[in-house]
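The structures considered in this document are given below.
Shared between the two complexes below is subunit A, which has subunit B as its partner in the first and subunit C in the second.
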Partner chain A sequence: MTSGRSLGFYLLLAPVLLWLALLVIIPHVDLALVSLRERVGVGQYALSPANYLTFLNEPLYLVTFARTAVMSILATIITLIIGFPVAYYIAKMARGKLQPILFVLCLVPFWVSELVRTFGWMILLRETGIISSLLQWLGLVSGPVELLYNDAAIMIGLVYTSMLFMVVPLVTTLSSLDDSLIEAGYDLGGSSASVFREIIVPHAMPGIVSGCIVVFMLSLGNYLTPIMLGGKDSLWFTELIYSQFIVRFNWELGAAFGFMLLFLSTAIVWTALKLSGQSLEKTMG
Partner chain B sequence: MIPTIPQNRTMDIAFKVYVTLFFIYLALPLAVNAVFAFNDSQFPSLPWKGFTWNWFFGDAHPMIGVFHERPILRAIGTSIFIGVCVSTLAVIVGTTNAFLFNRYKFKGKEFLYFLMLLPLVIPGILLGISILVFSSSIANAVWDGFKWDIEALRPGVLLVVLGQFSFIATMATLVISARLKTFDKTLEEAAMNLGAGAFTAIRTVTLPYLLPAMIGAFIVAFLMSFENFNTTFMLVGSDAPLTIAMFDRLKEGSTPLLNAVSLLLMVGSSALALLMIAVQRKK
Partner chain C sequence: METPDLSCIDLTKRFGDAVAVDNVSFEVPAGSFFSILGPSGCGKTTIMRMIAGFLEPTSGDIQIKGQSVLNVPPNKRPVNMVFQHLALFPMMNIADNIGYGLRRQGLGKLEIEKKVDEALDRIGLPGIGKRQVNELSGGQKQRVAIARCMVLEPDVLLLDEPLGALDLKLREQMKIELKSLQHAFDTTFVYITHDQSEALVMSDSIAVMNAGQFEQVAGPEDLYYRPETAFVAGFVGDANIVKGQVVRSSGHDVELRTEYGTHIKGVSKTRDMAAGRAAEIFVRPEAIRLAKSADEVAELDNFLSGKVEQTLFNGAASRVLVKADTSGETIEVGLPQSGRFDGIRPGQEVHFGWSDKQSNVFETGGL
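Then we have the complex of A and B:
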């Protein structure tokens, strides 16, 4: 409507510019500068890639980096596989009142904090926990079993924590799929498998991509779940960033780690978008 | 089931069993968490030692309930204060953004929209450390230049509010924009034809239409703020909000007190969520 540069326009432009400049862009530029400096004396710094070289030359850092990436990808795939049938059931098979009820039930666990959910899993999985007691009571094991503090526990926690962000976009895209298209697929002689592959999956693609991106980002950036459910040896990359910043007070190295994390997430999200032919505006906005 | 497609009974039953198992998986951690808030024992684990309200109302050692545990109550107060600040800011900026992106065409609009979405795909811990580094840079520069120590720029409530706002504002913008897009602009024009100024028309016609989305965005923002951990953790000072306070306790070993807090959180956030659904229904 208005294309002139009225006062109103600048008043509306100011908040978004202040927000993005002061809280997102300049802080990240500052963080980048910090990551590229090296302490050469008391209060004296020089521009150098030393922090990134430290990262590349220390196997522990690299292993943790790769491990975090691989486990996050795995968590994303598992979440998709578990969530897809549920989303399909809610969108296409549930009838009447059941549909909105199931949908809301999916959301319920995510109204409470991740800490509460993780704590719940600790009560279930630990040596004196419910599952261990149940197994003993059933006579399947002779003594208490420790199910906590391993990678499987981390995986259970990550999948649980991210499930909502997979199911919601999937339900949304699957609901918009016209039933008659599925019928037509069957009428034309398609089997269940080919209807699924040729009609349902291509239609659900935007939902699959946006669900996967969010779940991957949440897993990669997660701190609580790996710390609380994982064992002593199960390092997570965010843990390294935290320890450099808070425990060792080495902000330069911590900042470099931060950018490696950002680089990893951007690279994988970008690849996923390119491979599926989607764009960030379309999947998020 | 799509009615015209031949029913496959086994498939149907398999689906039902699977979906049931899925919901048990979703409910299990929350259910056990809630149940152990009432266990008359020092540990949130089996054996079951009988029912008690002490983890809520107990006032004697060793079973001090939530309502007599000062640090926890203070942490809840801090969380609510931060949540209200963040949500208010997010709704204001979300509303101005919605008008900006819906009503104006300008150079670089698409790029700005893209930038606006970015906080959603930046890991929370990065938003935390970048704001931490930037605010200390400013604080240090001011100290070097003027010998003023700006306490507010050191880790604490202000930084937590800014850190959470930096990504919650995106969410508020998306929610409010979605509602503004469905607004029939001729209503606003009608108001102006009837003699209202542009500002009055927006205030009396457009904003009431946006209200459900603004309330919805406020509640979602509050919940996101209340349960945020990653960003908050990097910016927190001496007065910790609830999630951080609970995390510190949990590291030292857990008592059913934490279950009681968890149960209160579940009740509180469910109530807020139901309120939000009620508000959305009314539109």
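Then we have the complex of A and C:
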């Protein structure tokens, strides 16, 4: 047993190693190398931090970077605030058949592509859209209102797209909470607020954290929603990466942007884990 | 008379058409240990949840120290509950678990610490406040769950089969411990269980419950020796149940003829049963005297001879199954552990008898 692991072990391990090497490690190493070179002549490159300096010296890049981070954090918080009661209802209050039905209802929007889903919001929010017409019909506004192409529209799109990824881990952790713990909380004199704060939230913490990580990463890396629902002033960082790679054909700067996004998400997730006193093993395990 | 700590008046709970608790009334005097004993599904948990405030009665009243608590939410009632699986909060350490209710009352930090330490001393587990719930053994968790309620000094402590999850040895130990904790805290305990031995050992008074109603409320000895209904006679303790017909009856004394033709003398709760009525006779195996010669049991009201069919060894509760010679019915007889019947074997001739006071007769209705 100790002299060497069997062939089977290596065969089983091979797909994971291949996946890690081909799809994660090699592209990132290459991307890192690309991001650290500077074109000095035709076909001539030199090692330099120039791309990162460009990023740091251009206010538009920095502002977009910060905006994307703040908006993603905000989207995560809003998703959590909306998702928690939904998950609590599905996990604890819904009885019998209602539970799976509600769960499927959360899933239904994902049966169509993200593009179609986002178009759905455009139909609702645009100047000639349903909400605008309704407001006019009710006499609340005098002319058509444009609800698209602003940060609020992006936020709606992001929260809507991410909801399922928040609700699923929350439902899972909340349904593992024994009802008698909640009852014991009330029995010992707890109010709804204190039972929520001291019993429900600490129990659901792993689900909250894993849901938040997933939603945050999805929002940060989202491309379609900000493009379609956002306006001229609501640039998303992924749009910058796209334009460097595809429009400007400046792979070096694009790669540097990619790395900045990776650092950003790592830093924020790490900070959030530290602040909530959770560890990655605990939330993912 | 002193106001009872807890009284339920005409308590009824319906779930749709099903009646879970059917017009139950009882009083629990201050400082006593009251048990509700019944098979699962008899409605005992429903009663407890109504007292705790998690369910609203369909009709009737619940009073604690003379005050109706019907419109009081569970977190404001002067009762606390030890849950079936204890429901200790795994997200807190032991001290925070015990201090939870005190924090809700808005006590100062130092005062909470002092009270928690006192409570831990009282349950004999000083210094475990910093430990996590899953580091404790089953018996320790049990005591912490009780301490968590007792620091709040409730008027009534409700216990919902808290010993169910423990193994046999620990359960025996906890029975005695619970009783002494009740003495130490001097609080009224209402205990529900389906385990008759838990109820018999600990309780001052026991209500036997069946199908939503109380069959009998009495002390442990009365329940055991003087059951008032056939259900109680069958549920509390073991019994040989023999069907028969009333031959004659005067006052509480009855003579019956069993379906095998044996005549048995017994006592009934109802006076002067009509001859010919169908009845059941309950005789406890441990109430039957076993003898090697007929003379030893001849002076008893009922005596029979028979052959040992089988011995059922179970330590102190060992039994022999004896087939009566004359009629052929099989009776379970307690095997004394005095050493006199060591080596008793199937096929051996034995004699046995019991007094008429030991056979409880109940009408089964019909002729």
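Heads up, the rule we're going with is that the second predicted complex is superposed on the first by the 275 of 285 C-alpha atoms of A that agree within 3 Å, B and C clash if a C-alpha of one lies under 4 Å from a C-alpha of the other, contacts with A are read in each partner's own complex, and residues count from 1 in each chain.
One rule holds for everything that comes next: a residue touches a chain if its C-beta (ideal position, glycine included) is under 8 Å from a C-beta of that chain, and two chains touch if they have at least 3 such contacts.
Keep in mind it's a predicted model, so treat the numbers as computed, not measured.
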{"item": "Touched partner set for A:L224, first subunit B, second subunit C, both or neither", "value": "first"}
{"item": "Partner chain in contact with A:W251 - subunit B first, subunit C second, else both or neither", "value": "first"}
{"item": "First (subunit B), second (subunit C), both or neither touched by A:E183", "value": "both"}
{"item": "First, second, both or neither for A:H203, with subunit B first and subunit C second", "value": "second"}
{"item": "Which superposed partner A:L261 touches (first subunit B, second subunit C, both, neither)", "value": "first"}
{"item": "Touching partner for A:L105 - first (subunit B), second (subunit C), both, neither", "value": "first"}
{"item": "Which superposed partner A:V269 touches (first subunit B, second subunit C, both, neither)", "value": "first"}
{"item": "Of subunit B and subunit C, the chain that contacts the larger number of subunit A residues", "value": "B"}
{"item": "Footprint overlap on subunit A, comparing subunit B with subunit C", "value": "183, 186"}
{"item": "Residue ranges of subunit C touching subunit A (in the complex, touch as defined)", "value": "52-54, 73-76, 80-81, 83-85, 87, 89-92, 100-101, 104-105, 148-149, 152"}
{"item": "Subunit A residues touching subunit C - in the complex, by the definition given at the top", "value": "178, 180-181, 183-191, 194, 198-199, 202-203"}
{"item": "List of subunit B residues in touch with subunit A within their complex", "value": "1-2, 4-6, 11-12, 15, 18-19, 22-23, 25-33, 36, 43-46, 92-93, 96-97, 99-100, 103-106, 110, 112-127, 129-134, 137, 162-163, 165-166, 169, 174, 185, 198, 223, 226-227, 229-230, 233-234, 242-243, 246-247, 250, 254, 258-259, 262, 265-266, 269-270, 272-273, 277"}
{"item": "Residues of subunit A touching subunit B in the complex", "value": "1-3, 8-9, 11-13, 15-16, 19-20, 23-28, 30-31, 34, 82, 85-86, 89, 92-93, 95, 102, 104-109, 111-117, 119-124, 126, 128-130, 133, 160, 163, 179, 182-183, 186, 192, 213, 217, 220-224, 228, 238, 241-242, 245-246, 251, 254-255, 258, 261-262, 265-266, 269, 280-281, 284-285"}
